[in-house]
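Read through the structures below before going on.
After this come two complexes, each holding chain A, first together with chain B and then together with chain C.
The block that comes next holds the complex of A and B.
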């Protein structure tokens, strides 16, 4: 399978900074994968995402080295216009990425900017709203929406552009636990139904590791760990990089040390309880 | 503040007037505005105000408009007083102060029945540059967000012991600084994030962006516009050639 995203030896330093925000970074993401990116605050996660959708170097200039390719084309040599259609970027704060006064106009914002004809735009906007279950909010104003709804509207605006790759920067950090879980389920569903590839920066790993294919840990601009969520979370160094290892995984790890439960696969609380209960009977 | 939000902030409505083409609503308000300027007697002004009240009734915003009238009248009492002291002419002073009320009402009728979306459409018909229209759109879009921000910052600072209502006027102005600084910082952060999101959604990609919704004047819109122009012409004509004038 071909890689939709290839990052090779990427380095980037902001102009007024002495340290590189991203340093010698490599990453390959095949089509249809969900990759989670974790790491302590300031380690360069957002900067890496900016380099994937072209904000770095097109909007943020600085010292740029290495290469990022999306769908085989170098980001550095593509225009923002072109990149906007291939990479969708969902930012942390949904409030600051909703521009228009009605939901449907906002979902259409990117398509309007690209000059998509009205009939086609209508189809794509309706499709995106249906996909995210917000069709009944079409005429609402942004200030009449809950945070979770705002997040969906912003994501609908991203999906209406039909990107091959969607990147999300801490999408659940402003959401309550239930809405956050819904968003994660939504990501899994979109991958299944549309085959979209996702790169997600997230601190709340308990929700995401269940749907993620891969977990990448960053520290001081470098990639320090990479593997399946199970591999990474079971290694002791994960905690030293400030990765919030889910409590249930910590328990499983302790029990696995005493061979009470298997180390294959991350277990849900129910599975763990069943395994432990079954072992003692 | 109350006066401003009651008199000028759009609230959704379903009346026939709300559903008019926004450009026709603008035309009606402009014509009413001009009429108040060419009015020469209290009789004529009374007629214009009655006409505005009728429009407000059709637009189902009568109560809001009457309230705006009352509040503006309080303010224009000042205009009356100054005029009367200077000129000693009761009728003229009354005319000037009430004319101010009429001007405010004609403007208010447009803004309270026209959604921000429609305002954008009106700006586009005047062929204003895309950036100007978009700047206006975002400014209006973020008014409720900034208001909420302000309230939250005020609450936060009050809970840290800031006393907004204490002291003389200078003290009070100085007390606003702990509110203003976080507000400005928030806005700067916000505009940075907005710029990123705009870039990521292809803002400015093509010189002629398209629009999801199409505003087309219906036959009814055109008829209303024509009726408005004819009414204006008749009214202006009778002001100058039919009705008597009481003072120069």
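The block that comes next holds the complex of A and C.
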């Protein structure tokens, strides 16, 4: 399958900074993959995301090197208007992207801005609301909703644009554990049903590692690790880059060294308990 | 140190955010407040700081009612780092930001300087000393608000979602800081969805749901109560879940991965 996102030798330095925020960065993401981006704070994740959605270099100027392509087209040569349709961005705090009087109007906001014809807009808004199970909220005021619902409304607005690539910036950090798990399940479902490609920045990996295809770790602007979540989390250096290795994976890793449990795949607490003969004591 | 007596609070839109909440937190306790979005956790915190006054009931901080004490006086005793650091950062530089409250509280210049240095080092922010707080990343801003509060050494430290935007190294440091505050006799209240972060700290846990407290007890006991956690949309820590599936004994679950490994290996040697 063709790559939806191609980053080749990307470097970027902000004008007031002495070091490059992103340095010689390469990344290819095929359609339908879920890629998680991790790394210590200040490692360049936000700048990389800006280079994908076009804020770098269109809004933030600086020393730009290398190339970023979304759907085969260079971000640098695309207009923000064009990029807005191809790259969806879900902010950490949905409050930052919800502001209309009704849910329906909010989901339609991006499409209205692009001047999409009325009928087409109706179809796409209904479809997005149905996908996220918020059709019954269509006439509600967004500020009256729970945080989990707001997150869904914001994501519906993103999906209504039918982007090729969706970026999620710490999507679960403000959600309660159950709501966070539901959002991760939703991401997995959207990938399965629509073939949507996701790039997710997240520190809380306990939920995401089960659905992600790949984990990329950044440090000081560079890519320092890349592989399946299992491969990256099993390497000792992951923790030195501030990657939160889930507690259950830490146990699995230690037991795997002693060959007490399988070394392939990441196990849940239930799977691990079963593998060591749970309930016997 | 903190006491809520049958506190009720209703938002302007008519939603009852706190519904007859009674809670007593002793000096030196570390308490985690968990529960679903909109359960009333932040509203509860705002009552302790005196930013919100109860519609009925009373809130006492160190024996004084927040309804009759000025917010400024309460803030000398209660330091709070809010969920969104943008709501409390306003100075031109990071060091100014830290010095602001200290000067307001009448600290001597020499002490202000020492405390600023201490706080910036503790949270790895030295390199930003002269920078505007606005250029910091979300995680760095959160650490700065924390440094600001700890610098004036309040009796009660309240952290609302402190782990958002923090990598695992910062989280570990944060957990260490909470333990350090606790051993220094401070009262610490942490509001968090990050159960995996809270678990190794082993705090007293208060579970909230729809404006009420539905559970209150030591983490080791409370986190074994699946039914209660489910009803409040809280997920069990992974190690508790593992422990429960390995053994039916109601002993203390593993607090870290090493403990789990030791337990499992012991089992292999003596089948």
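Just so it is clear, the second predicted complex is superposed on the first by the 277 of 281 C-alpha atoms of A that agree within 3 Å, B and C clash if a C-alpha of one lies under 4 Å from a C-alpha of the other, contacts with A are read in each partner's own complex, and residues count from 1 in each chain.
By our rule, a residue touches a chain if its C-beta (ideal position, glycine included) is under 8 Å from a C-beta of that chain, and two chains touch if they have at least 3 such contacts.
What you see is a predicted model, and the numbers here were worked out from it, not measured in a lab.
Under the clash rule set out above, the superposition-derived model of chain A with chain B and chain C contains a clash between the two partners. Judged by the touch definition given at the top, the superposed model places A:74 against neither chain B nor chain C.
By the touch criterion defined above, A:185 lies against neither chain B nor chain C after alignment on the C-alpha atoms of chain A. Of the two partner chains placed by the overlay, only chain C lies in contact with A:250; chain B stays clear of it.
In the superposed pair of complexes, A:157 makes contact with chain B only, with no contact to chain C.
When both complexes are overlaid on chain A, the residue A:58 reaches chain B alone and has no touch with chain C.
After overlaying the two complexes on the shared chain, residue contacts for A:84 are found with chain B alone; chain C is out of touch.
Overlap of the chain B and chain C contact sets on chain A: residues 93. Residues 115-117, 120, 134, 137-138, 140-141, 144-145, 190, 193-206, 208-214 of chain B touch chain A in their complex. Per the touch definition, chain A reaches chain C in the complex via residues 38-42, 46, 92-93, 144, 146-148, 170, 173-181, 203-204, 206, 239, 242-248, 250-251, 254-255, 258, 260, 269-270, 272-274, 276, 278-281.
Interface of chain A with chain B (complex): residues 50, 53, 55, 58-59, 80-81, 84-85, 87-89, 91, 93, 95-102, 104-105, 108-118, 121-122, 125, 142-143, 157-158, 161. For chain C in complex with chain A, the touching residues are 13, 35-39, 83-84, 137-140, 161, 163-171, 193-196, 199, 230, 233-235, 237-239, 241-242, 245-249, 256-258, 260-261, 264-265, 267-268.
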